[in-house]
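So that you can tell them apart, the chains are marked A, B, C, D and E in the order they are listed, and the count of residues begins at 1 in each.
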Amino acid sequence: MNRDWSTLGPILLESVRETLYMVSITIGVGGFLGLVFGVLLYATRKGNLLQNAVVFTVLNVAVNIVRPIPFIIFITAVGPLTLATIGTTIGNNAVIFAMSIMAAFVTARIVEQNLVATDPGVIEAARAMGASRLRIIVTVLIPEALAPLILGYTFLLIGIIDMSALAGYVGGGGLGNFAIVYGYQRFNWEVTFVTVLVIIAIVQLAQLLGNWFARKALHR
Amino acid sequence: MTSVISFRDATKVFGGGPDAVRAVDSVTLDIARGEIFGVIGYSGAGKSTLVRLINALETATSGQVIVDGQDVTTLREAELRKVRAGIGMIFQQFNLMNSRTVAGNVGYPLKVAGWSKQDRRRRVGELLEFVGLTDKARSYPAKLSGGQKQRVGIARALATSPSILLADEATSALDPDTTQDVLALLRRVNRELGVTIVVITHEMDVVRSIAHRVAVMEHGKVIEHGRAYDVFAAPRERATQRFVASTLQDRPSPDVLDRLRHRHPGRMITVTVREGDGYGTGDSRVDGVGGSGGSGVDVLAALRRHGVDGTIVFGGITEIDERPFGSLTVELTGDDAAIDALIADLRRATDVHDLGIGDAPSDRTTADVVGGSPPEASTGEGDEPDADPYGFAMDAIRRHGGPR
Amino acid sequence: GGDGDTAVASGESGDPIKIGVVGASEDYWKIFTDLAAEEGIDVELVNFTDYTQPNPALSQGQLDLNQFQHLQYLAAYNVANDDDLTPIGATAIYPLALYSKEHASLEDIPEGAEIAIPNDETNQARALLVLQDAGLLTLENGGDSTSLPSDIVAEESKVTVTPVAAEQTAVALNSVDASIINNDFVADAGLEPEDALYQDQADSPAARPYINVWVARSGEEDNETFQRLVELYHTAEVEEASSQASGGTAVFTDNPADELQGILDEIEGNLAAQG
Amino acid sequence: MNRDWSTLGPILLESVRETLYMVSITIGVGGFLGLVFGVLLYATRKGNLLQNAVVFTVLNVAVNIVRPIPFIIFITAVGPLTLATIGTTIGNNAVIFAMSIMAAFVTARIVEQNLVATDPGVIEAARAMGASRLRIIVTVLIPEALAPLILGYTFLLIGIIDMSALAGYVGGGGLGNFAIVYGYQRFNWEVTFVTVLVIIAIVQLAQLLGNWFARKALHR
Amino acid sequence: MTSVISFRDATKVFGGGPDAVRAVDSVTLDIARGEIFGVIGYSGAGKSTLVRLINALETATSGQVIVDGQDVTTLREAELRKVRAGIGMIFQQFNLMNSRTVAGNVGYPLKVAGWSKQDRRRRVGELLEFVGLTDKARSYPAKLSGGQKQRVGIARALATSPSILLADEATSALDPDTTQDVLALLRRVNRELGVTIVVITHEMDVVRSIAHRVAVMEHGKVIEHGRAYDVFAAPRERATQRFVASTLQDRPSPDVLDRLRHRHPGRMITVTVREGDGYGTGDSRVDGVGGSGGSGVDVLAALRRHGVDGTIVFGGITEIDERPFGSLTVELTGDDAAIDALIADLRRATDVHDLGIGDAPSDRTTADVVGGSPPEASTGEGDEPDADPYGFAMDAIRRHGGPR
């Protein structure tokens, strides 16, 4: 019953490709949206750059509504939207769609957290120079918080890889799904182990890069 | 009216309830175009807050702050940006971007102002050369010394050649030599480009060498303002007097006086040297810049006239707003009657503070007596060798500046 | 595994009998436990959302019984884990059927159509076999109970398959041409069994691996309380509720334990031979 | 077939209780361990308080090994450990055990991120006073980063609620499981919706508290 | 040897490769127990880094730093803690904990030292009263003004009554009055408790009024050190001379000189006033503290003797390390020959710098000429009204202090 690696090998390889595909699109789309939401969450807070109680409350509540929904329920819940946008509710692209939305909201919180500690003096300096608020956000706020943000995105990346393991629910693929379906569900610990090792290798690489960039960005 | 910055009953309250702090309290003040305006006052008096009202980094709680004809308290952020683009600011805490190199920090306002990359590079090069940080261009702020950080802040504020410059303790971390260079530059941009400069400072050098007018703040209020020379030469308010005295340091403090008496047992007086204090009548020479009356020669002449011998033991004559000012403490030796006559003579022209003789000092301190006001008891800033040294109970720094 | 030493006591001493199930929210389980209680048997249902856990838990003695799987699944488990869990009674066979929102009949399913199938091992293979029976695809070497989507011979097949979570097959109906939907979800998803385009035959010998069973650790086949529970399942009330839950498609069966063991041994033999 | 709320109500209530139980223990145990790991991750980095390449590397790799393992695989993988510690691999307590370990590693990264931006000058000041490194960590490092840390823990809390939805895999309960089993798997959208609402309400409350405390802790 | 802090060839290099900065370069220096030791030098000279080697906040790259008999470069963190507990430090950038109130910040070192809650409360109260922040006890640092923050830093450093105090620009953000209070306190704890104090400063007041000895740093090296009075009165190194000149500000800068000439067209000289510069022989009086020679009276006496009329137009006599020091710029009127004789006479006793007459100045600047060294060309710190004012090309601040 245990297929040998000659059968599984190509599927594993394909799964790596699928994971990289799903994760990179999700971190691109979700990460970007999350950056926007996170910056807004931070900046619309009382006393901050774009102080706006309405936007803040709406975003704050919206993020809290989306985030705690169990992901498999969430996938189904956004199904109609997925159908309208992607044209299908199953397969990798449908998963990417749902993951991107979820990732956006998760990222929002990570970004918000990492911006909270920014020195307000620096922002003031930029304001005093007549920089627009958008420019301040892009050229001061984010660069100043870059080191923790990079660690935050590394964290997010791993979260997305984790999330992508659920892709199998709706007909997606990827490493997590492969580990569950071909390894775990079949009690094939060898497959499980090898697949998890591959995931860990990818994550480890991402973390190495993340740490390196964060160190660079710290400028201390 | 050519005032470029006007405060109209401007008030800034931080917080609320019983803890509210009136950092700026009903200030009405005009700063003329092209002048260098000094703001002095004790720590916590509200100087930084006042200046931050100008570019609306703080919004006034009430009142108006009119900059270039526009009330910045009513402007929206987008409109404020235009006003701010014409205002450079040097921050007390530097506020450098840790994520940018020195060159990046200095180039940032140029980027905001839309300069081309090439122009920026050239300009940043000039500025860094000016502040002596050419070789630190690619360093990050975390690797700079305190003074280097401040110089980056100065270069950044000057980058776009703003027409108003707000300098909040702009030279506090700099050595005197570099300070002189910076002040010389400020004076020059003021004189030649007509840049209006508001300087907050507690450094006498700064006020002395560049301020045309000064305002003295205490408890959020501007308690006195006027031409720098006048405020220093004839401070009206008690706080101003104390501030000026401790700023000028031209009068011996109690412990210095003790040592002086030790060396100079004779009668000592402190004579104020002030422009325009003509001693006698025919004696004062007047030239284009201002009368030279009241400078040392009059004392010397008076000594000669009264047959009294004098030793200058302390004091200084310096310039404020380019006019001479200071005081000399002189030990007098000679006939008691002649000395009394000399003092009476001098008093007709300027302020003389009689320190008496070593064994019978007429009062212990001169530091807080300025402009001939009657001697008062020491406010306790001297050494009290008998006091519990790490106990502080007896010589707390009086809270001069903090608003309630 | 499978030694009964760590087994929890079986009812008399007041410890409840722990039964691992998937889908404890179904009404018939409530009727079942109520009935058991009337007979003085204290039953505690342990619900799992994942098929993978109840067998190890039973094997480790954390459960006394489980009831969620068919023989095919049990065999796969036993072989993979070198275990000897034993069927002690049968419940029913649930046919696996093909549904569609878009197409009214099997013939309408177009060339290149996408079919959603469950992604758990045994249901997946079974679904592939159903599709092969329906003439929609061809599996390499005729296929068996371990076939994978990768075994589909693309040139000879009319459709492609997309494995999804079992419950998602119903949801996926909006996105695909047709879905193989587990019986459990048919009624919940608001589908009518009679709308099925195609389903496997419960009474054919080919369906025998799909007999759902009660499973205990080896050596506990004869526990009387367990036997009584097996019987209770086949009382009219429970069967009726259970049938309702399956939209009336359940085909109840009460093969004796040794027959079930025989079928199991046969499947395990096949699996081991392939292994 | 859809149970009415008179049947479901008590189960829902019980699920709320279970979720609160699982989440609070997990955030207590996992959150505390994570704080320790996170502080170590931060402090053992080059140039920091406890600079130690070995400890850093081991922790960094360990965190990256545990985190990306799909949670259901992880639960099974730690099964032997769970059995040895808790005495069972099924039910809420087994889930709590696995969640706590996972949460510890997740928290480690969140904490690390939030400490990275701490002003080194303040730490220096404490060192100059002769404070021990442990004391500095507890009385300076953590308090200085408190505002983002609070937001980080709020974020974590939501992550744990999310994770607890998978409790059902190993026979556990709780709201997430309730939503999946009684709602989602049975296509009972009313139950799903109501349950998700309850989850959201809990999360919203936690976030409100988190925001409030973070604001307090910011002292600006 | 009673030195409590000894640097032995101590070097600190930041970074590596071509960008390496030798912030402290082979410094060998002893600081005696109970003295107040000043460290001066241009921005970036390495002062902060030097002081941070003492409590091992930076570890020396090579060499030894011996504090209280222990080489801190070799101590482990746990041992360092004991050494550090006896050292208070006031930071240039304050380094306050934003998460603690003012009282919490000041109380923190007491907590570390294991004081009881009650003792802490009392002590914090005293300290806050001393620094005038009693009413800010419960405020957080973000709500304080610059000077208030610095005062918190001072209170915190003094809290445990350490036996060594490192003060890095401890009064740079304070008004002169508060500065005087802080300096008085430092002087007192030094005198009465024997606390060894190392002060980094660029403020003349600080060095003048409290330092017993000073070291001058440039490019990471200590280029000169000795008694404060000696270093200021007779600076040997070029950099020290420039530093002293710009610090004292008792000599007119070029632009001041221009204005002075305008008012005083006669011959002007600057006479150095220094303790021990006996003018003539019989004239100098010596008392217990030190000779009064060289103070103004000698100039006055000389004027009288040579029949020359004098006007004191600029300058100052102040105290350094409690001894008189300064210079007076005097306009001389009288017979040319008499004036020359007077100058020759004065030169025998002290340094005289001849500024010539208005129409034919003998040199343009005095600011960088101290101690009778020959006049040199301006280093460019004056105004150049014709230069491109925001262009800087011509008057860059020379990089004095930055190591390569």
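As a convention for this text, contacts are C-beta pairs under 8 Å (C-beta built on N, C-alpha and C of every residue); 3 or more make two chains touch, one makes a residue touch a chain.
Treat the numbers as computed from the prediction; the structure is a model and nothing was measured.
Chemist: Just tell me the minimum hop count from chain C to chain E, counting one hop per pair of touching chains.
Modeler: Step count on the best path from chain C to chain E: 2.
Chemist: Would you mind naming the chains that touch chain C and likewise touch chain D?
Modeler: Chains that touch both chain C and chain D, as defined above, are A.
Chemist: Mind naming the chain pair that shares the most C-beta pairs in contact?
Modeler: Most contacting pair of chains: B-E.
Chemist: How many angstrom between the C-alpha centroids of chain E and chain A?
Modeler: Using C-alpha averages as centres, the distance is 56 Å.
Chemist: Rounded to the nearest whole Å, what is the centre-to-centre distance of chain B and chain E, using the mean of the C-alpha atoms as each centre?
Modeler: Whole-Å distance between the two chain centres: 19.
Chemist: What are the residue numbers in chain B that touch two or more other chains?
Modeler: Where chain B meets two or more other chains at a single residue, that happens at 93.
Chemist: Specify, in ascending order, the residues of chain D that touch 2 or more different other chains.
Modeler: 72, 76, 166, 180, 184, 220
Chemist: Which positions in chain C touch two or more other chains at once?
Modeler: In chain C, residues 52 touch at least two other chains, as defined above.
Chemist: Pull out all the chain pairs that touch, please.
Modeler: According to the stated criterion, the contacting chain pairs are A-B, A-C, A-D, B-E, C-D, D-E.
Chemist: Where on chain C is chain D touching in the complex?
Modeler: Against chain D, the touching part of chain C is residues 20, 23-25, 27, 46-50, 52-54, 56-57, 60, 62-63, 167, 170, 185, 187-190, 244-245.
Chemist: Which chain A residues qualify as touching chain C in the complex?
Modeler: Result: residues 1-3, 7, 11, 72, 76, 79, 83, 87-91, 94, 168-171, 181, 184-188 of chain A touch chain C.
Chemist: Where on chain D is chain E touching in the complex?
Modeler: Result: residues 119, 121-122, 124-133, 135, 139-140, 143-144, 146, 217, 219-220 of chain D touch chain E.
Chemist: Across the complex, what residues on chain C touch chain A?
Modeler: Touch residues, chain C against chain A: 51-52, 76-77, 79-81, 116, 119-121, 146, 148, 150, 162-165, 168, 171-172, 174-176, 271-272, 274-275.
Chemist: Which stretch or stretches of chain B touch chain A in the complex?
Modeler: 55, 57, 77-78, 80-87, 89, 91, 93, 95-100, 108-109, 111-113, 140-142, 156, 160
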